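Below: one structure, written as structure tokens.
The chains carry the letters A, B, C and D, assigned in the order they are written, with residues numbered from 1 in each.
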Amino acid sequence: MADALGAFLEGTVRTATPLAFAALGEALVERSGVINIGLEGSIIAGALGGVVTAGGAGTGVGLAAALVAGAAVAAVFALFAVKLRADQIITGTAVTLLSLGLTGTLYRSAFGTGGAALGTPTLGPLAIPGLSAIPLVGPALFAQPITTYLAMALVPLASWWLARTHAGLALRACGENPAAARAAGIAVGRVQTAAIIFGGALGGLAGGTLVLAQAGTFVEGMSAGRGFIAIAIVVLGRWQPLGVGLAALLFGAASALQFAFQAMGWQLPYQLFLASPYLLTLLALALARSRFVAPAALGKIVEA
Amino acid sequence: GKGEKPAAAGHDAAKSGIRVALLTPGPISDQAWNGGAYAGLMRIKDSLGAQVSHVQTKSPQDFDENFRQYGSQGYDLVFGHGFEFQEAAARVAKDFPKTIYVTTSGHTVAANLAGMDFAFEEGAYLAGMVAASVSKSGILGCIGGTELPPVKASFKAFELGAKSVNPKAQVLTGYIGNWEDVSAGKEQALAYIARGADVLFQNADAAGLGIIQAARERKVFAVGANADQNGVAPETIIGSVVIDLPHALLTVAREVQEKHFTPRVISLGLKDEVVRWTVNPKLANAVPANITKSVDSVRALLRSGSMHLPVGATSDSSR
Amino acid sequence: MSAPALELDAITKRFGAVTALDGAAITVQAGTVHALLGENGAGKSTLMRIAFGMLVPDAGAVRVNGAARRFASARDAIAAGLGMVHQHFSLVPALTVAENVALGGHGRFDRALIANRVRELGDATGLVLDPGAAVSTLPVSAQQRLEILKALARNARILILDEPTAVLAPAEARDLLQWVKRWATGDHAAVLITHHLRDALSIADDVTVLRRGRTVLTRAADGLDESTLVMAMLGEPLSQGTDERARETLAGSTVLALHAARVVDARGVQRLAPTTCAVRAGEIVGVAGVEGSGQAELLRLLAGRLSPTSGSVTVPPSVGFVPADRHRDAVVLDMPLVENLALKDAASAPPWMPWRQLRGETSELLAHFDVRASGADAEMRSLSGGNQQKFVLARELTGAPTALVVENPTRGLDIRAAESVRSRLRAARNSGLAVVMYTEDLDEVLALADRVLVVHAGEVTEPALDRDAVGRAMLGAR
Amino acid sequence: MNTSALRDVSVVAALTMFALLLLTIILAATGHDVGDALTALARGSVGSWDALLSGTLVRATPLLIAGLAITLAFRAGVLNIGAEGQLLMGAAAATALGLAWHGPAWLTVGGLLLAGALAGGCWAAVAATLRLRFGVLEVISTLMLNFVAQYLLGWLVRGPMQEPTRIYPQSATLDTVARLPIVIPGSRLHAGFLLGIVLAVALAILLRRTAAGFRIRLVGANPVAAVSAGRVDAAVVAFGAFIASGALAGFAGAVEVSGVTFALYENLSPGYGFSAIAVALLARLNPLGVIGTAVLFGALEAGAVSMQRDAAVPSVVVNVVEAVLILLVVATDRWRAQRLTAQAGT
């Protein structure tokens, strides 16, 4: 039982890692007043970026390429949503479609219809001496790939950055009252563009994590809706990095629970397990019973 | 309009070889179910000089429309690759008598409508025998993409095979919920491994790669499916249950080209060498000799038809 | 004499077909307060937005301390020593005072440092604020102080104030103007946009008047009087509406009444102590009190827009209500005027909307109340704030209401528009309506009201109708 | 026209060129004849009556009706992005009724469509209630409920609603009396498209001409003013619009089952509920405009399949083409908006 529990905790943290990257990025984007539902596109692009480069150049370069690929997709979104002030939902939808198609196309032209199989090197777990020996939670928290530690570090870093730097302040002001931000001399469009590209880079990192820390391969559509789940996580985490980190863990736990239940051989429809993360989130939201405060200018088109 | 033009188009095509179309329900880069069929289409093109066309369908909306379009363009042979295509094929075939519609696993037969049936479970049974013999814990895992009839049937056959070797073997069965999420596949596999499973049979197309990856990392065995996946992780995959889709599709297309195709349910299994159980030569030593022997004898029984597997509600086992 | 602190020369600015500024000019000397006057839409805000780098002029020059400048954004202007307090607040409500002050800076944001700066500035200028307070919880007057503090924190030497007193209580306004006067010495200078000519004359050293985008008058304030300014602003003298009716003509029967009505907010804080009062037909009851003292709750009770937590109210269904925040509470900016008229009876409208008839009514209303708009189908957004206000008042006066509750009806209006609103209110009273009017402008209360209720910290009192008594009551003195 | 509008126009022009160039590059790089591919796109969407009726309009139908669902909700300020789930639930209920009960054809079809609407409404009611009672933002609850609906459907077609042989994860096939009639013989165009047009007109009339529609628009545009100045019960209006929106989406699902698929499948919808958001927004939430944008998207989808079929452009490349075309439409749409403001200014 303890074994199963340990495995469950490890699974929780592993599953949560890419979600945390993507959701943290999206949280920053939304704090700047933009909702980027093209995030899914950044994730899949990051995954492809990782698989294409890591084979030859190693996992470090793979992660960097994932970052760049995710950012590049986000840049397309920024071009339309910020520069052209086009509707963010339509643009996001199109960018996701574009990225899913483009990654598929590039993947096939790079690897043929045969695919990359499992030839991609992966980041093994990096046990932190001492800490990883703590029973139960030790392996879950301290014997993970480096990407997990990066995600863990990003949470307080993002909190600090938002609260304690002028740039973070400017970002929040853009999301709350862009007109006021502009009056204070902040270039709102530039801030939002930067946020979107950074968010895309983190989305790309999420994709890179899927490939380089987990699957060891690329599959068309392997992002499997994580971009949309990340958006839900942002709301559940109330746009706060810490909240987002915890919400990602909750989602990770719900998914891991689904795997654990099936592994227990419990004879219930498996769809019930699959639906459980979503039902749990709804429950958590209903019980939290507090009003969520979204950035006041979220999704609004800012006229120059 | 139905069937005004096919005569003319068919006439043209007769000169330049036959025209063959394929509808797949998923991406052809999955190295499994869809990729195999596409390889078949390519082989038809190369071997028969056929003119070919392929569509990946997204939803049932696409079925009728494409069947109809191919019919009206005078295609000679249209494959619907999966059980889900059979009703649409039956609906449309009536209107385009000059086109032959074949659905892999359809059971409706009409003048220009046929079904194909792969006895994938025969291979799965053999895989189960081998899996049980190499398992130390006696716990085996089966992980599918979604719960489809052929997948379910193959898992049942796998279990039967395993229990024939080790009656106490325990087989865990679960589904990922889709065919693409490699990462979820891996997590599912890790959960099974944590429960003690040390051989994993996967039938999850692309997501199956995640299962193999988990097996590789945790140094347990995995079983390949659909295509020969022994090379994907040579130190991990004990063997593969292969459907030789290219061979199967080519056989049908050749019959159509040579104009001796008769509409029927084309059953293909171990005896036709379309379904195979292929042990990974690198790991052949891990399999006890006596098991290899009994696998061979069961294979012979299945091929001769003197043994029948009671899995699923019908003998159908393909998608 | 050294170079002027700020000079705008022959500025022209067009918005599409509208020429907002047409060769306007202003010269602000160091060490002075310079009043910038003009009707609504004369171009005052536009001219100052150009000075502050938020707009780029189509023609003309901007000079700061004698040097020609081309500001690409507010950031450049801030760097050149300008600060601007906008007509419409440009604060971020979700942030704290300190964060708002820090907005636009670089590098690490040291809360303690900024908090100190806020306190220091508070000590030096008397603009005292709690650095950690969330702006959304601040009363308007504190928000106004914060706007100024923001500019000063960045070492502004030239401060532009766009209608800064419009939202303040009289005492607060007086304090603020006195502070501006004290501050604008040495190398400091201030530009003050206001519709209160008396304020302008009392503290300004120089005055510039704009009319339709042109500078029509610019001179020292000494020796100027209000009528000269009005002439310059309007191009004609103002016809003062007079109170044709004697105060004694007594009011009729009670229309609105509160019976020990008490209001407690969602957080359990008492906003209004149990209050009993009545408003009769044919009288204007003025309400005075600083923002946040409970006056908003009192008005909404009387308007039937709020149910008391305890006690009861007697309010007929037909009460017109003109709230202070018209953008939020009274109109739909993205809808045409005809729909904004229909808004009033939306809950009880017949199943099929009689748009044709409503359109006719809208046009009539526009003509009758002198609302400047291109027609019934013009979007509310396209009206200037003053015309929006007139529209709302007109709407609430249609359909034979028995009572009218208005909140800050003339805030931000120019003298002509404000006078027209006041005469509408008088006419309403004379036609037998029960009118309740809250305004921050004490003179307005005294000029219009038959009786006055003063709200202080949730307690309602009725002092005598005189400046001194009301002023003391507003501060809580009995 | 001021300089910033001019700059925008040139950006849009540059983007249009960029999009076309991107299309050309992608098609050429993947070894396709650009001309062939684009010809196939046109041929499959509007190239013939059959392409238009059986391809484009059939595909436009669910987008049209679901687009109206989105329009209604968004107009009321309700960010219902759960049309997908509501559509699936509508499809399930319609199939269940259509299989369980047969009356005269019109009654059967009518009942089935009603059942779909009812189920969609109920599914939306979950989110609406969560909003009303617990303050859960509908954006997130409807997003979650989409996933739940998808899995519920997966279970239904393997459990209680599985076809009689209990092999395939799909329901039994609807009888002919439960199918929507074909409007133009020889094509696949079913009466659902006409119902969609009728609904669009009805919704336009509701929003423009009726008090109920006016209240919906008020609550969507400024709920505070609606309450304060109009004394409208904004919560009730939004709740009602939410449920009506769900009902429309459910209706779309029922129409799809009764007009196209004739059975319930797990992957019944390739994301109609999501595309519908783009369809509705592109039409600027104007119900009559939704007819146009739905047909545009239907044409894109039909043309895309034709590119696969006739020009051997793989589906992944087709996705790219579709996405680029949508971005192109968005860009030109912005350009038009810029021109309108510029004109208004002169």
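One rule holds for everything that comes next: a contact is a pair of C-beta atoms (placed from the backbone, for glycine too) under 8 Å apart; a residue touches a chain by one contact, two chains touch by 3 or more.
Since this is a predicted model, take the numbers as computed values, not measurements.
Centroid analysis (C-alpha atoms only) places B farthest from subunit C. Between the CA-based centres of subunit A and subunit D the separation comes to 28 Å, rounded to the whole angstrom.
Averaged C-alpha coordinates give centres for subunit A and subunit B that are 35 Å from one another. Distance from the subunit B centre to the subunit C centre is 75 Å, each centre being the mean of its Cα atoms.
Averaging C-alpha coordinates per chain places the centre of subunit A 46 Å away from that of subunit C.
Listed for subunit D are residues 151, 154, 158, 314-316, each touching two or more other chains. The residues of subunit A that reach two or more other chains are 104, 108, 220, 271, 274, listed in rising order. Residues of subunit C found to touch two or more other chains are absent.
Per the contact rule defined earlier, chains pair up in contact as A-B, A-C, A-D, B-D, C-D.
Subunit A makes touch with subunit D in their complex at residues 79-80, 83-87, 89-91, 93-95, 97-98, 100-102, 104-105, 108-109, 220, 225, 228, 231-232, 235-236, 269, 271-272, 274-275, 278-279, 281-282, 285-286, 289-292, 294, 304. Those residues of subunit A lying in contact with subunit C across their complex are 163-170, 172-173, 176-177, 179-187, 293, 295-296. Per the touch definition, subunit D reaches subunit C in the complex via residues 2, 209-212, 214-215, 217-218, 221-222, 224-226, 228-233, 341-342, 344-346. Interface residues of subunit D facing subunit B in the complex, by the touch rule stated above, are 50, 54-55, 58-59, 151, 154, 158, 165-170, 173, 186, 188, 256, 260-263, 265-270, 302, 305-306, 308-310, 312, 314-316.
Interface of subunit C with subunit D (complex): residues 15-17, 305, 321, 323, 328-335, 339, 342-347, 349-353, 355.
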